Amino acid sequence: MSLSRDTFGNRAKEQDELEKKLSSFEKYIQSTFAEFIGTALFTFVACLAVSSRDVLSIAFAEGLCIALLCAAFVNISGGHFNPALSFAAAICGAINPILAVLYFVAQTCGAMVGASFVKAVILGDSYHILKGGANQFRGLGVPYDPYDSFHHLNVTPVTAIVVEAILSCLIFTVYLQANIDKKSRSSMGPMAYGFALIVAIISGFHVSGGSFNPARSFGPAVPSGYWDQHYIYWAGPYVGALVSGVMYRLILGDGKKRLIMRD
Amino acid sequence: MSLSRDTFGNRAKEQDELEKKLSSFEKYIQSTFAEFIGTALFTFVACLAVSSRDVLSIAFAEGLCIALLCAAFVNISGGHFNPALSFAAAICGAINPILAVLYFVAQTCGAMVGASFVKAVILGDSYHILKGGANQFRGLGVPYDPYDSFHHLNVTPVTAIVVEAILSCLIFTVYLQANIDKKSRSSMGPMAYGFALIVAIISGFHVSGGSFNPARSFGPAVPSGYWDQHYIYWAGPYVGALVSGVMYRLILGDGKKRLIMRD
Amino acid sequence: MSLSRDTFGNRAKEQDELEKKLSSFEKYIQSTFAEFIGTALFTFVACLAVSSRDVLSIAFAEGLCIALLCAAFVNISGGHFNPALSFAAAICGAINPILAVLYFVAQTCGAMVGASFVKAVILGDSYHILKGGANQFRGLGVPYDPYDSFHHLNVTPVTAIVVEAILSCLIFTVYLQANIDKKSRSSMGPMAYGFALIVAIISGFHVSGGSFNPARSFGPAVPSGYWDQHYIYWAGPYVGALVSGVMYRLILGDGKKRLIMRD
Amino acid sequence: MSLSRDTFGNRAKEQDELEKKLSSFEKYIQSTFAEFIGTALFTFVACLAVSSRDVLSIAFAEGLCIALLCAAFVNISGGHFNPALSFAAAICGAINPILAVLYFVAQTCGAMVGASFVKAVILGDSYHILKGGANQFRGLGVPYDPYDSFHHLNVTPVTAIVVEAILSCLIFTVYLQANIDKKSRSSMGPMAYGFALIVAIISGFHVSGGSFNPARSFGPAVPSGYWDQHYIYWAGPYVGALVSGVMYRLILGDGKKRLIMRD
């Protein structure tokens, strides 16, 4: 497993031409497609799960979906399905910047495709009541909605960004430690990444709607046209990614990835 | 583990007669019986779990049941318990076609046996209110039922087939990557397969009733006589199996199973 | 891991006297104490969890408790915490009959100790409303109880025994395959055992109260004096243990434990 | 994995000066920082999760959070995030006493930081209704609170301490067996530790509020000023830690850590 994981990082130079061509396929095309199809399926599941009208059900649908997609694709693409996480992984040197850009495009396109399928299968009023599964800021000031059975806390868009950033930092730190770090990664890594999303959604749902993933928020915003406080879902996760990446590089990383006190 | 998994795929030719006889027992009789008893127990659990009248409970009962049965039998039969998944596995070359046919018979018979036991233990009105645990299409047009506390979305049988197909594609792709693929399979594979069913039921329950398994739908339909929109549960999963199988063969598979850009 | 598991089965004869004494300690005293303390903690948790008045919460409390206790003690005692499972394991030759008897005593005593602690901490009416956490048959004929918010199905004590037997058979078969069988056991074994209990409680709670464990039912019956239909919780699990043990010996077992078509 | 775990226990003497300096960094600074940031994130999640007003959601948020943080940091700091567990680990010789003191300071400071962030993001009345996420004793005698939808049992502060002690003993015993013990530890150890917290919260919430962690209780008590029956959350877990540590040293430990009948 550790061997395959290193293949999309850096490869030995003595490989012949044919093998290089094949590895390029696996390194760029297969991995980018995995991120595309994975994010599309995840966004479809996440938006449809809003129809359960129950926070615990939404948390399990989204979190377990990330856990199993990451278990399926961790050795193929790293199993991110989240552009902010790909950014954090690039900061830590786990993927190269070109791949991070390819992943960004694949993830945002995938999310739009997944969310569009939701519009195709849930018709008329039902789709509008769910707002297409878009994440919604849950502060006290939002207009009254008779179909919305969730309660609201006294929060502002700024505190929602802070909550998204802290919980994203939790998710990304767990991903980096449990899936990339040489000293602490293990076979439970993909489960830990998915469980982190469950935890973050239960805790943060009544504040920000619980996204922690710009692609998952951007995807349904396009077909549903629901863009209220949309900047929360970009600012929060990217700040969290920056903090977790820096923390990893300075203190928590293994002897090779850490920038100070190296082996 | 990887060794045992290959045993029901292809075997070395230099084995003597006795060993062949034994391996035939394990390859065909033991594995087919495992699919039979596993699907019977799964269908019994799935139909009885409808008595909880709670989507999250149903999702956990069915999904965890698949996870643990697959963990128990993955090295014996592959742990499918789903004819559409056996079809996808046959497309990908993970099991041979004869075994896929044997599994189909074992799974559908097992599901009928499991569902018949539900009729034997839940008596009178209780059984009819639950419709024997059969999957029910949940669109707006279905007749009003005072015992049904679930809400309904604006969907049609056609969109229900699309939802079944997409979520089946998620489940089967996860199974293929996490349990069969040489590059990405791991000890978490059976858990990933079961978690995929939890995720799919939470997301799809209010659309199609959340089957993703023709045997699980066919089983209770026989003793309960509830056949409304039954074709959804055959068309959806088989389309999903075809898509996930083709996607695996073209792009996502490892160097040997992939048909293009092979090693 | 596989090595330690074999230690409580059979040991090589060439060990010297001192090592024998030590191994006797680990083989009999440490393992029996682990079953005692594990069953005591499990019964305490199971009886207290009834105060949640929610089937899904009860299922997760009991099932995850078995999963983690089994993960902690699987290499020490096998991690049964259930006399019917110890009986099934003895049928399959996984533990010797003397150990099965010692485990039976430890498990029933442990359950009584755990249940007595519940009586010590939950006072007065609260304890009597919960019936001390005892399992209750949930058929239509039981007397009306205003504090009982669970619904009731049309079942009889006989069908409750059948449900207990079938679901116990599921739990024990999963334990045998995932923790004992040479071909299919894995590191996920303890989780699979615990998840089986979650699944069984969700499915069977509205029929029999969901025990599948004579010790867990016997424990609280003693301090609370609630013995209604108590025979269900002995007949069901032991029939299930017999069926799963015979099925394992005849068809599902590995080449050495299987009685027919051996290697 | 077993190698890295031993590194924070005892090290070979033949290492040169440079390596010692590096290992000191990893042994003391990295591990203590991991406990600090982990406890801060855990306390933030735990306090925010109270806004779900649902015991099962709170149990999953706290328990899964410990599971994933432990999975991420088990090879770096041991993944305790609980001063009472660090005390039990010190009793069993898994960490040295100096580290236990450093961890105590890091954990209590981390918990205060995490809880203070909750005060920063949940404003005005919402924060006071949640009492900042502090653990609350749930006996019958507590003053009526119209916002509190949980039911109450007939318990006293003394029985609440007993419940905290028994369930803490369960959690810590599972941690010691599944993460430290040479004979029974496994890759499922961090999951087992987290699942134990889920189980304990479901069972104990209606008695003591379900802490089992002095840091998690102390953290929010400081910014919210809610100190009612606060001693429960120190007395209970430390008694549980003492019992589980002694039990491990006397009977359940492996041949080297056990004080009697050693190898």
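Lettered A, B, C and D in written order, each chain numbered from 1.
Simple rule for what comes next: a contact is a pair of C-beta atoms (placed from the backbone, for glycine too) under 8 Å apart; a residue touches a chain by one contact, two chains touch by 3 or more.
Labels paired with UniProt names: A, B, C, D = Putative aquaporin-8.
Just so it is clear, the structure is predicted and the values come from calculations on it, not from any experiment.
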item	value
For subunit D (Putative aquaporin-8), the least number of touch steps when starting out from subunit B (Putative aquaporin-8)	2
Chain whose mean Cα position lies farthest from subunit A (Putative aquaporin-8)	C
Shared interface numbering between subunit B (Putative aquaporin-8) and subunit A (Putative aquaporin-8) [over half = same, under half = different]	different
Subunit A (Putative aquaporin-8)-subunit D (Putative aquaporin-8) separation of Cα centroids, rounded to whole Å	28
Subunit A (Putative aquaporin-8) and subunit C (Putative aquaporin-8), separation of their C-alpha mean positions in angstrom	39
Sites on subunit B (Putative aquaporin-8) at which at least two other chains make contact	56, 187-188, 191
Chain contact topology (line, ring, star, complete or other)	ring
Pairs of chains, among all present, that meet the touch criterion	A-B, A-D, B-C, C-D
Residue ranges of subunit A (Putative aquaporin-8) touching subunit B (Putative aquaporin-8) (in the complex, touch as defined)	1, 4, 21-22, 25-26, 29-30, 33-34, 37, 41, 44-45, 48-49, 51-54, 56-58, 60-61, 64-65, 67-69, 71-76, 117, 120-127, 187-188, 190-191, 194
Subunit A (Putative aquaporin-8) residues within the subunit D (Putative aquaporin-8) interface of the complex	55-56, 59, 151, 153-156, 159-160, 162-163, 166-167, 169-170, 173-174, 177-178, 183-184, 186-189, 191-193, 195-196, 198-200, 202-207, 247, 251-252, 255, 261-263
